[in-house]
C-alpha cells in the first residue's frame, strides 16, 4: 500500500496494529512505514482514529485505562511495546504537540527548560543556552526574548503553540507528533506554524494530523488517509491529492463527505 | 376534541380569590429570616465573646496577658496567655507535620497514580475517617497512641503534646487529602499530557507541573487544616492535659486555648468570676484567629483560581 | 478498682425510717466542687437515686474545691464539696450576700482522707519516713538553696540522687491542705512539679525511681499496682495509710484531713429534695456507709448523728 | 519570513543521548519508589482507621452487651449502662433535626431562589462558610451565654440541641444549596410556564427533586451533631446524671459526653476505659447506620433526568 | 408589513417591542399580530431572537434577570406588561412547550395534573378526567393509559414531548407556544407531533419556532421571518415561501445562509 522512495530510512514501522477502547475497535490492522525527515500528514473524517493513531506512536494512548493494543510498532527497529523499551525514553525521542496549546502555568523560560531540567541538566548557563536555541528553532526567540520570565499564559495562542514546539525541541527529540496543531489558531498564526514545520523538517521527522486538506497538501511529503479506523490509502502527498487510487479517498479529498 | 368542563372557570376563580398570593409574599420573607439566622449567629458569637472579654480586660490590663504565667485560680491569679498560645501552636504544628506530608502524598497518589477503581474505593474510606467524632480520636490518642509512644520515648508523660498532635494530624489527613486532591484534579489534563509527552515520569509530572499548578488549592487546604487543628478541642482536652506551664517540650503536658475553655466551663469557673470572663477572652482570640484563617483560605483559593 | 458494688437492693430499713414521707420527691439537686470528694459524693448520690428517690436528679460535678465555692457563693449550687475547710475570704463573700456560715450555710464533714506520700515501686529505700522528714524535704531551703535535694541529704545511706517532687497544683484542695496544714504555709520547694491532673502524677511517679508525690488516699488505692505508699512515722513507729489507720484518733491522724460538703440551707428549706438528700448524706446509709469504698475513713457515728439533728431543724 | 535553525550539534552536546539514558533509569526508579511511598501514605490513613476500630473493639469486648445498652448510668463500671445517654442523644437529635433542616433548607432556598446576586447574598454565603470553620467550643460558649444563661435554659436538651443546630447549620445549608442548584432549570421553566407561582414551583418541583441531596446533607449534619462533644462540655452537662430525660427541658447526658468523662476518669477506675470503648462502639455503629443511609439515598436517587 | 385575512380575530398584538439582554438588544422594534386559531411559524437563523420572542409572549423571558423590554404586547386587548395583568394568569392562558421535553420526575399522571393541582383543583375524579382528556388530546392516552403511575422518564423522547403538550392542555390554555418542539426528536416522533399540531389548531392558537423550513411549510398558516432581532417579513406561509418580498427572506429560505 505504501510507496516509498528508496533512499529514505524508515523510522516507524507499524505492523498489524489494532487498538480497542474497551470493546470498540478504533484502529484496525494498520500497516504503515514512516520515513525519517518526512512530513507525514494523517487525514480522515472526524472519529476515524487519527488522534488515536499518533498517540499510539508515543504510547500516550495508554493513559486511557480501557485501551488495549495488538501488533507491533518498530521504532528504529525496536518494538515500542516491548518491556525493555521504557515509555519515558520513547516519549523523549518522540515529542508531541497538541491541538490546543498547553504550556505549563510557569514562565516562558521555565516552560522551555522543563524537559531539560527533568532530564537532569542543572547548569544555569547550559539551560539558558538550551532555551535560546529551542526558542530560535521554534521561531519564537525574537518575540519573547525580553520577557522570558513572564507567564506563558500572557502569550497569544499562536505564540503558545510555538512555545509548546520549542518545549519539545529542547529535549532533542527525533520525531515530532502534531495533532491538529493549528486548529485552534487564526490564519496568520497557522501560516507561521506551517512555515516552521517546513523548516523543522530538515532536522526532524514530523507526523501531523490535520483536518485541512490544503494544509496537508502544502506541507506534507507523505499523506495517509484513515477511515473508520482503517488506513485506506497512503503515499506521496502529490499522488494522493492528484490521483487517489481509492474511491473513498477521492470522495473525501473532494469534500464529498467528512 | 372534548374538554373537561369548568377547568378554566375554576382556575379563574382561584386567581380572583387571593389565596396563595399571601404565601407568595410571606415565604420570601420567611426564607430571608431563616437566612439571617446564620448572620445573627455570627453576630451572636462576636457579641458574646466581645462582651464578656471586655469585662475581663476591664479588670486585667491588656499587657498583663503577654506573660508566661497562667494561674487563673491561684490566690494571686495570673492570666498570661502565652502558655496557651504556645500549646496551641506547638500541637497544631505537630498535627500539620503529620497531616501535610501524608495528606499531600495521599492526594498525589489518588489524583496521579491510582486507577479509577482504587480512587473510588479509597475516597469514601477517607470520608469515613473524616466523619469519626473527635472524642473518639481523643480516646484513641490517650488510651492507645500515648502508651505506644511511651515505649519509644520513655520520658513521655501520660498527658503530653506529642500524642494528641499526631492523632490530630491523622484526623486532619482526610481534609488535606481530599481538598488537595480536588485542587490537583482540577488541573487540566492537557498539562498532564504535555508533561508526559516530554518523557516525564508521573512523579515529575506531579511535582513539577500538577502541584505547582494546583498550588493555591493545596495551600488553601493546608490553611483550613491549620484552622481545624487550632480549633480542635476534645483530642487535646483528653490527651494533652491541662498543664499551664510555658514549655517547648512536647513530651510534657500542654494546654491549648480550646482545652482551657473546656476545662474552665466544665465547672471551674463560677459565672461572674474573673476566670469565667477569661474564657471569653481566650474564645475571642480563638474566634478571630480561625476567622482570619478561613478568610485567608477563601481568599487564596479565589484569588488564584483559573490560572490556566 | 477496689470499689466493687455491694449495694443492697431492697433497703427496707431505709424506707421504714422515712415512712412519714409518702409523697414522692422530685426536682434536681446540684452538687459541685472537689474532685477528691467527687467519688464519694457521686456514690452517695447514685445510691440515693437508685434506692430512695428515683425522681430526684442529683447532679454531681467536680470542678475543684475553690471553683466549687465560686459557684456556690452566688447561689448556683445546693452543695459545694471541698477537700479543705472554707476559707475566710469565701465566708466573707458569703456574708456579703447575706449568708451566714452556720445558719444559712451548713458545714458537714463527710469523711476523712489520708494524705498519702507515694513513691515509685522500685524505690526500696524511702519506704518509711518520719513525718518531720516529709515536711522538711518539701520545705524550700531546708537542705539546699536551689532546692535540688538529694535523697542522701535526708538520710546519708540513701542514694546520692536528686529527688523529684510532685504534687497537685493550687487548684486542688489537696495542695491547699498540704501547704497550709502540713507545711504551715511556708514555701514549698522550688523544684516541685505541680500538676493539674492526677493521671499525670500517677504516671510520672510510676516511671521515675526518684519521684515522690502527695495526694489523696483514694487516688493511691486505685493505683496500688503502680505506686507504693510511704509509711509515715508520727513518733510511734511507721504507719501505712489504710482505711483502718486513717482517722482523727487513729495512728495516721497526723496526715489525716476531713473532707467537707457545704449546704445552702435556704435552698434546703425551699426545696424538699435538697433537704432530703442532705439528710441522706449524713444518715447511716450515706457517707458513713460508703466512705470506705471510696478510699475515705468514716467519721465517728455520733458526728453524723449530730448533723442529722441539725438538719431536722430546717423546715 | 524565514527562520534560521540554529546548529543542532551544539544542543546535542548539551543534552546527549547518554545523559538522557543514564538519568532515565534513576528517574524511573525514583518514580517507582515515590509511587510506593505515596501508596503507603494513602494506606497509612486507612491503617490508622483499622487500628482505631480494632483497638476500640478489643477494649469494648465483654462490656458491650444488652445490659450495658439498657441500664442506667452508675459510678460502678459493672453496673453502668448508657440507656440515659442513648435517650439523651436521640432527644438531642429530635431538636437538631427539625431546627437545622428547617433553617438550613430555608436559607438555601433563599440563597438559591430568592436572593438577588449582590452584597447581601455574598455576605450570607461568606458568613456561612466562615461559620463552618468556627471551632465547636466557640459554639459552646455561644450556647452557654445565650441559651443556658441568657434564656435560662440551663444545660437542658433544648439548650444543647439549639447550640448543636447552629453548629451544623452550615453543613445543611451548603448541601441543600448544592442540591437545589442541581435541579435543572428546565423543570422550573416547565412549572412557571404553567402559571405556577414561584413558591408553588419551589414547593412542588424544586424541593421534591432536591430532596435526596437535602436528606443526604441533613443526615451528615446529624451525624456530626451526634458525635460533637465540646459544645456540650462547655454547656456544662453534669458528670453524673441518672434520670432518663423525659422532656426537652430536662438535663441530660449524651453518648460522646459519656465517652469524655469515662476516658478522663479511667485513672480513677480503670474499667471506665472499657465503658468508654463500648460507648464508642455504640456511637460508631449509629454513625455507620446514618452514613450508609445517606449513601443509599444518594445512590438511589442519583440523577433521574 | 402583515397581511391578515379579515375574518380572523387578533389574539396577540405586538407594538414596537424592543428587548435587551443587559446592553445587547435581542428584539428590535417588532410590530406583529397573531391571529386566533392560526399556526404561526417563527423562522430565522440561529440567534436571531426567535426563542426570545416567543418567551416574551408569556413573559417567561423575565426569568432572566438582565432582561428589559419596551413597547406593548396586547393579549386579547390587554397589555401583558401592565401591572393589573398577573404573569401567572398570562402563563395559564398561554401555555408553552419547550425544545427539550421537560417532564417532571414524577409519574405520568402527576405530570398531567400538575397544573390543575397548582391551580387549586383537588377533586380526584375531576383530576382523573382532566388527565384522560388531556392525554387523549395529546394523542398519548392509548400509549400510556396502563402505566399512568410509572415515571415519566420511562417514556421515549417523542412520548415525553407529547406528555408535555398534554400537561399544557390540562389547564386549558388559549394559546400554545412551542419552541422547536421537535428538534430533539426522531423523524417518526416529529411526524406524530406535527400531526398533533394540525389537530390542536382547531382549538388553540399555536405559535411555533422551527428551524426546519419544511416543517414551517407543512404545518403553519402564517410565517414570520426574523433576522438579527428584527422582523423582516411576515405573512401567509404559502406566500412567504413562494414569493418572498425581501431578498434576505429569499436567501434564507433557499438555504443561502443560516
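Per-chain residue numbering starts at 1, and chain names A, B, C, D and E are given in the order in which the chains are listed.
In the analysis below, a residue touches a chain if its C-beta (ideal position, glycine included) is under 8 Å from a C-beta of that chain, and two chains touch if they have at least 3 such contacts.
Which protein is which chain? UniProt says B = Phosphate transport system permease protein; D = Phosphate transport system permease protein PstA.
All figures in this text were calculated on a predicted structure; none of them were measured in a lab.
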Open item on the list: Touching both chain B and chain C, which chains are there?
Closed with: D
Open item on the list: Starting at chain A, how many touching-chain steps does it take at least to reach chain C?
Closed with: 2
Task: By number of C-beta contact pairs, the top two chains - done: B-D
- [ ] Tell me which chain's centre, taken as the mean of its C-alpha atoms, is farthest from chain E.
- [x] C
Open item on the list: Quick check: how many Å separate the C-alpha centres of chain A and chain B?
Closed with: 48
Task: Between chain C and chain D, centroid-to-centroid distance (C-alpha), Å - done: 42
- [ ] Quick one: report the Å distance separating chain B from chain D, using the average Cα coordinate of each chain.
- [x] 12
TODO: Give the residues of chain E that touch two or more other chains, as numbers and ranges in rising order.
DONE: 88-89, 92, 119, 171
TODO: Could you list which residues of chain C touch at least two other chains?
DONE: 61-62, 199, 202
- [ ] Provide the list of chain B residues touching at least two other chains, using ranges where the numbers run on.
- [x] 20, 201, 204, 266-267, 271
Task: Pairs of chains found to touch, sorted by chain label - done: A-B, A-D, B-C, B-D, B-E, C-D, D-E
Task: chain D to chain C touching residues, read off their complex - done: 72-79, 236, 238-243, 250-251, 266-271
TODO: Write out the stretch or stretches of chain E touching chain B in their complex.
DONE: 86, 88-89, 92, 116, 119-121, 126, 129-130, 133, 136-137, 170-172, 199-200, 202-203
TODO: Note which residues of chain D are touching chain A in the complex, please.
DONE: 1-6, 8, 10-12, 14-15, 19-21, 23-24, 26-28
Task: Complex contacts: residues of chain E adjacent to chain D - done: 58, 60, 63, 65, 88-93, 95-96, 98, 100, 102-106, 114-115, 117-119, 151, 153, 164, 167-168, 171
Task: Interfacial residue positions of chain D with respect to chain E in the complex - done: 116-117, 184, 186-197, 200, 204-205, 208-209, 304-305
